[in-house]
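Below are structures written as structure tokens.
Below, chain A partners chain B and then partners chain C, in two separate complexes.
Take a look at the complex of A and B:
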């Protein structure tokens, strides 16, 4: 057996030698169609977050088309990128399952994840195969704190975002002559809302804001009247909400109905506060609402193109599109730098290099030792008229904040 | 700690929201009273009715209140068909069979809606969605006031149907004594289906009352159905006045407890009542059966 296999291998070596010679002889012929690089995109295409998944897919597809039209991956002889979409079905178990499917489809890396719960299980699954995973917009700090070598996060995490949100809130208030003294926090009683409320309760008083009340409510909420009546009784200067889309809309509409007019509504990762859907459907209730959230650079011409594409598909634009667009761009740069579609080399390249951040306002993306993009930054937005405008920081701002909103 | 104005407003709001709970519970209690089954598909059917109202309003520009006139007959027909051709035959006359069939139906309906409409939430905006009725210093939500009135009217109508019409008498006869009723020539499957149909029509009314100020997604029904179950037990299973009084009571209790304890803890009030009722008066407030 040993002898045969040896002679076989000798034969193989000979054959490949011949092949190599012919390849060198006619390089143009063989390089014409290099094998495509498969990119996995893990998004909730069905289930409760299906809308977000669709928007993300539009962004990723747009970037892939751009890259392929510009000649593909140059380091791989113009290899095209091929998108393989995995459906996380909006839950953590299915997210892990879809990652397995992407793994067997032979992807070079997985991008996306969307929600924290899904990103946690999916990155762990990918880690078993040393499959590079770059998270798009999940915020739970723990995602990059488990020592997984394959896991990177493009977007800011929760701590980074709240730090920016608080800094900008202080600036907003100081610039307007400190109209805000009292704050009421309204939050959904799940992990997301309660977590944010806790941080706010710790951090706001030292900054000179008095918290008059923290109101928790369940999701889904049938009615917001009682919450709003309490707010009417307390009459806080500022409302800091953290809940999902439906509850946010219900609260904003009920505030309007009960004629509660705080000087500002300031959300962090607000469910609807930076949603064009909300602005379109309830322009009055949405007026002046501020948010600190993922957001693409409003001044980039590509942002305008992405918005057109999303609108043409009959959907409302949101941050998922620019983030996933930019994420594909970062991945393409990593493959260029790695000079290979090999997973280990891509992980190395992601960890070692700086990347252009596409149309996200992150400057140069640089992943730290834990895999977190150290320069990731949320932007502050405000609903003004029929549009959502960036108000902070200055280099991306399109408009001045309108504050206080109810004189 | 709160001004009396706010407390009164919260309680009135609770009372009016309770009326809509009552309307949802009405269908549930009627179906229980006659078919002796707990209809697990009730929440999903409410969602169906809400989507119907939404479709009629969004596509044809009809007012949500007028949409009730279109959706109620549709829901009536749907309910009749479901009971007559699916739930009835599939359960083979066994109560636990019916239980499982309705549970299965709710799963199928929810996922069918998810496939058809995605998880997106839909709303209808009307001029009066968030208008208020000013009662002295009190601001009352206009859709809630309408909801309260329509619920009372619907309950009276239902009571009249049950007591004054032939089908009502047949329904009550089947509820009391199934075998006896079939011996005197009443078609039990028909009466069962009619009852289920009336229950579904009640949901259509509730859906029309909810849509001006609420949203619908394939999961929306679940938010109301647990409260409706509580009301049915509180009021006495199968009792129509029980459902009405129970609904109003639950609404007020929910409002009071969420005003003073917060919305998350406020839910405790509802279930505390539920447990106390089961301990002290297992037949419910108006429950007659031993």
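Take a look at the complex of A and C:
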């Protein structure tokens, strides 16, 4: 005490007085740290989709760090973003419950959802609180067709993606001199598989493809031998599969074992077709498999960084990471434009503005009247060697398609 | 075995209602609603599995019947939600009678009955998954529209009250079973079917009534589920998860007791939420902790938590006397 009072000369008192007044005059400087903006991320951290949830989280965390390191949200005086993760446990009720928890935690918006069933219940839960919800890769068209004002979707929906997939399939076939005449559809009997099979059955014949067989199987399936033997007998030029990871891998391996060699395998939202895990574990079975799926812009330097981060953590990169990275970026822009972390203002900003799409190949993201990102589109990829290359559309393509694959 | 009095049940229901209005957060209200729905499904299971000793692995068939009735009637036929609820419950009873008629006529019991119920639930799941009428694999979305006629409320507490009311009805039904001739028939049948038959109990009729009541209660749970989450598909409504939740809650709580299913549901789901905080950032760790606690609780109270509470309650005064 005594020492302090001794050192307090008149001059220092004056100096500190000046300093104090100048600080009072600039309240922005005094409040060095404005209240952070909480962002909810709803992903399946445990359960059947835990791998996807984990990859999504890595992407979102990466974006948050990038934004905070660059000075946070400028419109809010450099407010930092704070990620609050809700675990949907890969099922719909837990998704709703986790959304309630995010609401209690006071988040400004929820991002994610991952699967359609989870996204459907979670967005409805959020709608009760007018809590903005931007869905990622849940594809059911119905998500944005319920008139919920709070609900937006960043990624393409089912109809948009299949339209692109069919257009590119025709182009692929025409460019290669029309080697494909017959098609077999193999699908799982859930929402995703049977929905896709139905669209393919309607749309492929008018485009000049003959469907020789449509084979349904349940998920999980432990054995694909019967399916593959049937395919061998039919010998279609092209196989259009739609199933989840395990069944896709099983089918591709069984095709290889049974030496069934179609001219191409063309998946839409293929369960494993654009998975590095599949390519790494079964490179031979994966060779030449094509997919039309969510995919980050391969030419962006951030894509490379994200891949490094994921690989360094000992995990296999997939589309969840770039999507959720970009989703956080879009949210941050919305907060900047809203100039506030107020939910109603964020919803307004999301609906009214155009956004940079992060590293997703969407050009400018613009949500339409229903909340669907009108410029979202999937990319076509193909497994080539030990890598997955984008083959369509031209502005993002890294490689030429290898087609037909077997002669 | 002391039976709970009606007054005790009234106090418990009143306590639940008070908790509902104690200013809980949305997350807790949602959890309580889910607890009540599972409790109701478990009460349904308990009538058949607990009192009559006919363990079912397929209560999803009733749950799904209720859920789909609720969803289909409202979305396809524009039926009022309350009427749909009544029809859904009736349909549950009807499905119960159908399954019961087929299996009891051929004298199925024990594991054979369990397996046939499982098969029925699976058949229902696959049908609902592939039939356009039930929305196929895409499931059915109910429209979010709040208001009393729609049985949806902007304020969660009112819906919670309705679920508590349904659980109260379940409690009264179970209480009535313990005090009625019909309930005595059920227990007689559970303990020794031949003896019951020899004493003049119409075994078939009693079983049919039991499965119909059981189906109706579980279907009510399905109706409430659809109305709360506003989205169902075949795997949600007819999936084996609900069959497991229903029998799990009843068995852990104490099968063949009035309060068992309710206590089981509250403890199981409450524990699930509590262990979420214990995960330590490792995904799935909470489920592991949950599993360990569950194994321990079943190991130390094989007759259910209700019985454990009773035995502790009986022991405590004895100790007091010694002291």
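As a working rule, the second predicted complex is superposed on the first by the 378 of 407 C-alpha atoms of A that agree within 3 Å, B and C clash if a C-alpha of one lies under 4 Å from a C-alpha of the other, contacts with A are read in each partner's own complex, and residues count from 1 in each chain.
One rule holds for everything that comes next: a residue touches a chain if its C-beta (ideal position, glycine included) is under 8 Å from a C-beta of that chain, and two chains touch if they have at least 3 such contacts.
All values derive from a computational prediction rather than experimental measurement.
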Fit-or-clash call for chain B and chain C when the two complexes are aligned on chain A: fit
Chain B versus chain C as contact partner of A:221, first or second or both or neither: first
Touching partner for A:249 - first (chain B), second (chain C), both, neither: first
Touched partner set for A:104, first chain B, second chain C, both or neither: second
Touched partner set for A:300, first chain B, second chain C, both or neither: neither
Partner chain in contact with A:50 - chain B first, chain C second, else both or neither: both
Touched partner set for A:129, first chain B, second chain C, both or neither: second
Partner chain(s) touched by A:309 [first = chain B, second = chain C, both, neither]: neither
Partner chain(s) touched by A:189 [first = chain B, second = chain C, both, neither]: both
Three-chain overlay, closest Cα atoms of chain B and chain C, distance in Å: 5
Chain B and chain C contact sites that coincide on chain A, given as residue numbers: 46-47, 50, 189
Residue ranges of chain A in contact with chain C within the complex: 45-47, 50, 53-54, 87, 91-93, 96-97, 100-101, 103-104, 117, 120-121, 124-125, 127-129, 140, 142, 146, 148, 189-195
Chain B contact footprint on chain A (complex, rising order): 46-51, 90, 189, 215-218, 220-223, 225-227, 229-230, 232-233, 245-246, 249-250, 253-254, 256-259, 281-282, 285
Of all residues in chain B, those that touch chain A in their complex: 2-3, 6, 9-10, 13-14, 17, 114, 118-121, 123, 125, 129-132, 139, 141, 213-215, 217, 219-220, 222-224, 227, 255, 258-259, 262-267
In the complex with chain A, residue positions of chain C that touch it: 25-27, 29-31, 34, 129-130, 136-139, 141, 143-144, 154, 156, 229-231, 233, 235-236, 241, 276, 283-284, 286-287
